[in-house]
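Here is the structure we will look at.
Per-chain residue numbering starts at 1, and chain names A, B, C and D are given in the order in which the chains are listed.
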Amino acid sequence: MIIVIRKDAGPEKLAKLESWLKDRGVTPRVSVGEQRTIVGCIGDVSRIDEGMLSAMSDVVASVKRIQEPYKAVNRQFHSMDTIVEVPVKGGGPLKFGGGNFQVIAGPCSVEIEEQVVEIAKAVKAAGATLLRGGAFKPRTSPYAFQGLREEGLRLLSIAKEETGLPIVSEIMDPRELEFFDDVDILQIGARNMQNYELLKEVGAHSTKPVLLKRAFSGTIKELLMSAEYILASGNPNVILCERGIRTYETATRNTIDLTVVPLLHRKSHLPIVVDPSHATGVASLVPPLSMAATVIGADGLIVEVHNDPPHARCDGAQSLTPENFGEMMKGIRNVRPFACR
Amino acid sequence: MIIVIRKDAGPEKLAKLESWLKDRGVTPRVSVGEQRTIVGCIGDVSRIDEGMLSAMSDVVASVKRIQEPYKAVNRQFHSMDTIVEVPVKGGGPLKFGGGNFQVIAGPCSVEIEEQVVEIAKAVKAAGATLLRGGAFKPRTSPYAFQGLREEGLRLLSIAKEETGLPIVSEIMDPRELEFFDDVDILQIGARNMQNYELLKEVGAHSTKPVLLKRAFSGTIKELLMSAEYILASGNPNVILCERGIRTYETATRNTIDLTVVPLLHRKSHLPIVVDPSHATGVASLVPPLSMAATVIGADGLIVEVHNDPPHARCDGAQSLTPENFGEMMKGIRNVRPFACR
Amino acid sequence: MIIVIRKDAGPEKLAKLESWLKDRGVTPRVSVGEQRTIVGCIGDVSRIDEGMLSAMSDVVASVKRIQEPYKAVNRQFHSMDTIVEVPVKGGGPLKFGGGNFQVIAGPCSVEIEEQVVEIAKAVKAAGATLLRGGAFKPRTSPYAFQGLREEGLRLLSIAKEETGLPIVSEIMDPRELEFFDDVDILQIGARNMQNYELLKEVGAHSTKPVLLKRAFSGTIKELLMSAEYILASGNPNVILCERGIRTYETATRNTIDLTVVPLLHRKSHLPIVVDPSHATGVASLVPPLSMAATVIGADGLIVEVHNDPPHARCDGAQSLTPENFGEMMKGIRNVRPFACR
Amino acid sequence: MIIVIRKDAGPEKLAKLESWLKDRGVTPRVSVGEQRTIVGCIGDVSRIDEGMLSAMSDVVASVKRIQEPYKAVNRQFHSMDTIVEVPVKGGGPLKFGGGNFQVIAGPCSVEIEEQVVEIAKAVKAAGATLLRGGAFKPRTSPYAFQGLREEGLRLLSIAKEETGLPIVSEIMDPRELEFFDDVDILQIGARNMQNYELLKEVGAHSTKPVLLKRAFSGTIKELLMSAEYILASGNPNVILCERGIRTYETATRNTIDLTVVPLLHRKSHLPIVVDPSHATGVASLVPPLSMAATVIGADGLIVEVHNDPPHARCDGAQSLTPENFGEMMKGIRNVRPFACR
């Protein structure tokens, strides 16, 4: 951390700042320049609050952080890929990260037993390794279908029982954790990326893998800080999920920058999956984007598949049919050997 | 709602769509053009899912909504300003909306009893009518100060007791509601604008006024839909809060478009306050922005004031001193008579 | 085009609007609904100004356009891919579009003869089919290197002479066109995407292919409208270029949404190339992004390559060495057979 | 400028970097920390290219600039407000900056003599001090009205002759400068903020005041760098213009952050005016935004006024009638005494 000192700050103010830093376990190193005096901070600055420093506006002109504020998720302190394992009945675990690649597929929301079982069988046949399905649904409108809730999770369990596919479902409230016993991966949706009470809950009271989605306007740094909340609370099994951000462009539902995938791989040891369905919002754009995400080095995909998209109770426009999905999986298998990792 | 039909969709598909609409209580009115066939929907379309329609891609080319999806918060169905009242011990209630103007001031986070009481007295003396203070704090880093929690609320109660100022504090988790008995306005922060379980909770289990902040990348429409959640759950006392959005520009902390104030006043009957402290992130820019927000017609301000900004435990850089705040209040009083409402 | 009529507009105002539309060659079709009256416009509405209609605020509530405002570049009116040809000395022409794929490579700016010739030879050996190089340079700072200008174009000609590679270079001012005789593709940079006088000039006074880059905050529709300027002025040889847009995220230089590639292919018949160098701003992210762009269906790439990036006079940080570029080209060749077109 | 050195860079590489810096007239000051080595640069670093430094990726980890890259427009080197003067026939000059306040008003585009003269008289009567009018019009569509060009400037001259109001009009191409002899302020539009050839032209070949508009996605820093181009080319008479930026929010045409006004006043000595018409795109939002802009400290306004908005040939929806404008001017006069400067 580097602190640029105001030109008009005298030696007493500077001394006061130095002692403030020392009180917090950091060694200040003052460098007096022709135009500017600069204080470098040596030691563990991760707990020093930049805002607090900036507020000392009688002495501090600006503050520049050199080290990233995240530790547990930082590749710098953990050079090996984290491999997140999902247990599978009667088999070895499924692995995310470290060169493994998984495809999560299923309906946006769970509707009726026949639907979810049929889709689960279809996506398994086409090559998916996990089943997704929404039971607790975050909807912009209070009048839109809010999900089957507990009943939805029960239907997912039936589909899991029938196909052997581990299941992924979204949790929206710390109080819902008790219902997720049979769920294999807890999904935190984009709207809850900074719902810190929820992050602490799944960090402290569960060791299940957590699929953490990037917020609509979350920065890469904020996504990693939110993952840090989960790890710091005790759960190391986090899978990051890129799903596009909100920009001025409305031709696509969101704007997804795939270079985030190699970039996150450098910054963090956590696996990262891509959600092409929410990124584009248009079914026919999902396969090309999935191909690109695979080639650029994603550790997996999470894709919406529905057996009857026009009658899906949510997000039909972005859902593939099982046939489209099967076709797409062939393409994925073709390019996987050339993926950039 | 207007549905544009695909050029290649035959009469059978069109008939199927018409019957689908009728099943949902809407009357379709088909208009066959030279180049395009269009279906206008007459009746209550607020519960028709646009996504579902778009998904019928064999017949639907595009869908355009004419009416807003929100009802309870819509000015069209409720032409008078909603006046949100906050009871005051030993006096008539404070009012937001309908030409009334309130100034909420106080520290970003509650730290110690002396601090909060001192600040409360100072802001009251300068003209503030409510006291703000964070007890449960949403922080980007798990290592940053997370607030005094229940203890923080207790200190706010002491300040309320001593000054008579009603208090405003942020709630982050439905389970925390029980601690907020003595709090007068429940604040929902930007990060929780779409935490729907929390919105339903404060809507269904409280009748206290709710100050709902716009999310970092929330649209006007989404802000109103989130307010709709609270009203639809049973609590009509919502105060909207504009606090700036996230854009590519980093010279200011957020980008706040004040024209949102008159625009929201047209779209909704709810009062709207402006938060200049989070909008700018820089104390010296707070007074000019507050003046502008007052003139453009805001129903109030929520401003961070701290008696020792450089040593505030959070957001010191954007906090005014009581002296700055007092100076600012003089300016506000000068321009209030000319406000655009 | 659909016009929603104000509830309080009486029949006279409506009749006046109808006659206004008829005067402009459009047939209005009025549909009176229970809640809303709507006017559909039949005929060629491409020359009707939406803003003008919206301004008739005593009768018009809102205007919705159904057809795209662009014609010449619209896939709807020209279903076959446009193939843009670049003549090559002593050989058949290079082709962009229609399943053809070209790689343009070279330095950000042309510096000295040895450099440009050496790079040209190296990129040709690695598989590039055209040479890029900046002579007229748009730089944010007036104090930064502004390019060698005419001299730079002369050096590019020498490299073209020595290698046979056609050359691509940026034009910034209509007055510069006279210097571009030996340049094979005229590049319009992101900053000039809406420099309409320049677009008209290269449209009316040249038939050379134009590589049109998307502006920092250009929408897909605006990019196509700018291409429309060139076609409407007489030059059909336009190659679109996606190079990332400006968003709130600063971890990457720009945010490039590759789904723009299949999306543009649907909306327009023009070829589209991707610029991974400006999109990422970081050399090591260029190869993975190039792989992804190839797989998703781009008609080509434009990549910065420099023989000594640390000493490049501009954009060194995003330039590949010839070795990196050669390595990348191997990956491209691996995935090209599986590209989504 | 501070350079953070890579952990794995040995002393030789560091020495090479030091000598590279010295060659460019800068004194390096090395500070070896426990975790990081840092090089501070002393001297004039305004001509050192950050990109070039970043490209030395074998030795440089990151580069942080402390001083702003602009000089001539920087308040730090020119503490007094620049006052830009516009000569007025038969009177003292009009002044922008230094506490003076001007209102520029008129039609978006000049259409016929009667119109422009009538509007000019009306805005003068209401208190406007300059007349605006577009002759050369940048339009998104090649099929939209492109302005009357030279003829438009001739009509503006007639209106100037009749009313005595100095005139402001947009220039889009360096070749058009010859037609602007009678124009008093040359406007550079948002789309041309980074048309550097045009900036250099109005800087080198004119001493007339230039009204420079911020680009759709221009940063504050880029706006100042573009102004720097004009000053560095020889013309010190620049007026900055804030007109809103492009964001994800579509409820308003653009998003205008008025805190830019006090912020720019700190960073630069140049006057700054606000364009509420393009910022909002909606006539009824123009007066409240104008009031707010006045109070926050703008040095002037530029407002679209049309005598018959529904029949304006462009931007009718955002144009005030002369009556609305007169009403608004009364409000402006009320709040001007309390403006924050």
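Assorted remarks:
Following the convention adopted for this analysis, a residue touches a chain if its C-beta (ideal position, glycine included) is under 8 Å from a C-beta of that chain, and two chains touch if they have at least 3 such contacts.
Computed from a predicted model, the values in this text were never measured in an experiment.
Comparing the CA-atom centres of all chains against that of chain D, the greatest distance is found for A.
Residues touching across the chain B-chain C interface largely coincide between the two copies, over half of the numbers being common to both. Between chain B and chain C the centroid-to-centroid distance comes to 40 Å (mean Cα coordinates, whole Å).
Put simply, the C-alpha centre of chain C and that of chain D have 26 angstrom between them.
Listed for chain A are residues 217, 246-248, 250, each touching two or more other chains. Those residues of chain D that touch chain C in the complex are listed here as 46-47, 49, 51-52, 54-58, 69-70, 138-145, 172-175, 191-192, 194-198, 200, 215-217, 222, 225, 228-229, 232-233, 246, 283, 309-317, 319. Considering their complex, residues 2, 4, 27, 29, 31, 33-36, 38, 40, 42-43, 62, 64, 66-67, 217, 246-248, 250 of chain C touch chain B.
In the complex of the two chains, the chain B residues touching chain D come out as 217, 219-221, 244-245, 247-252, 255-263, 279-280, 284-285, 287-289, 291-293, 295-297, 331, 334-335, 338, 340.
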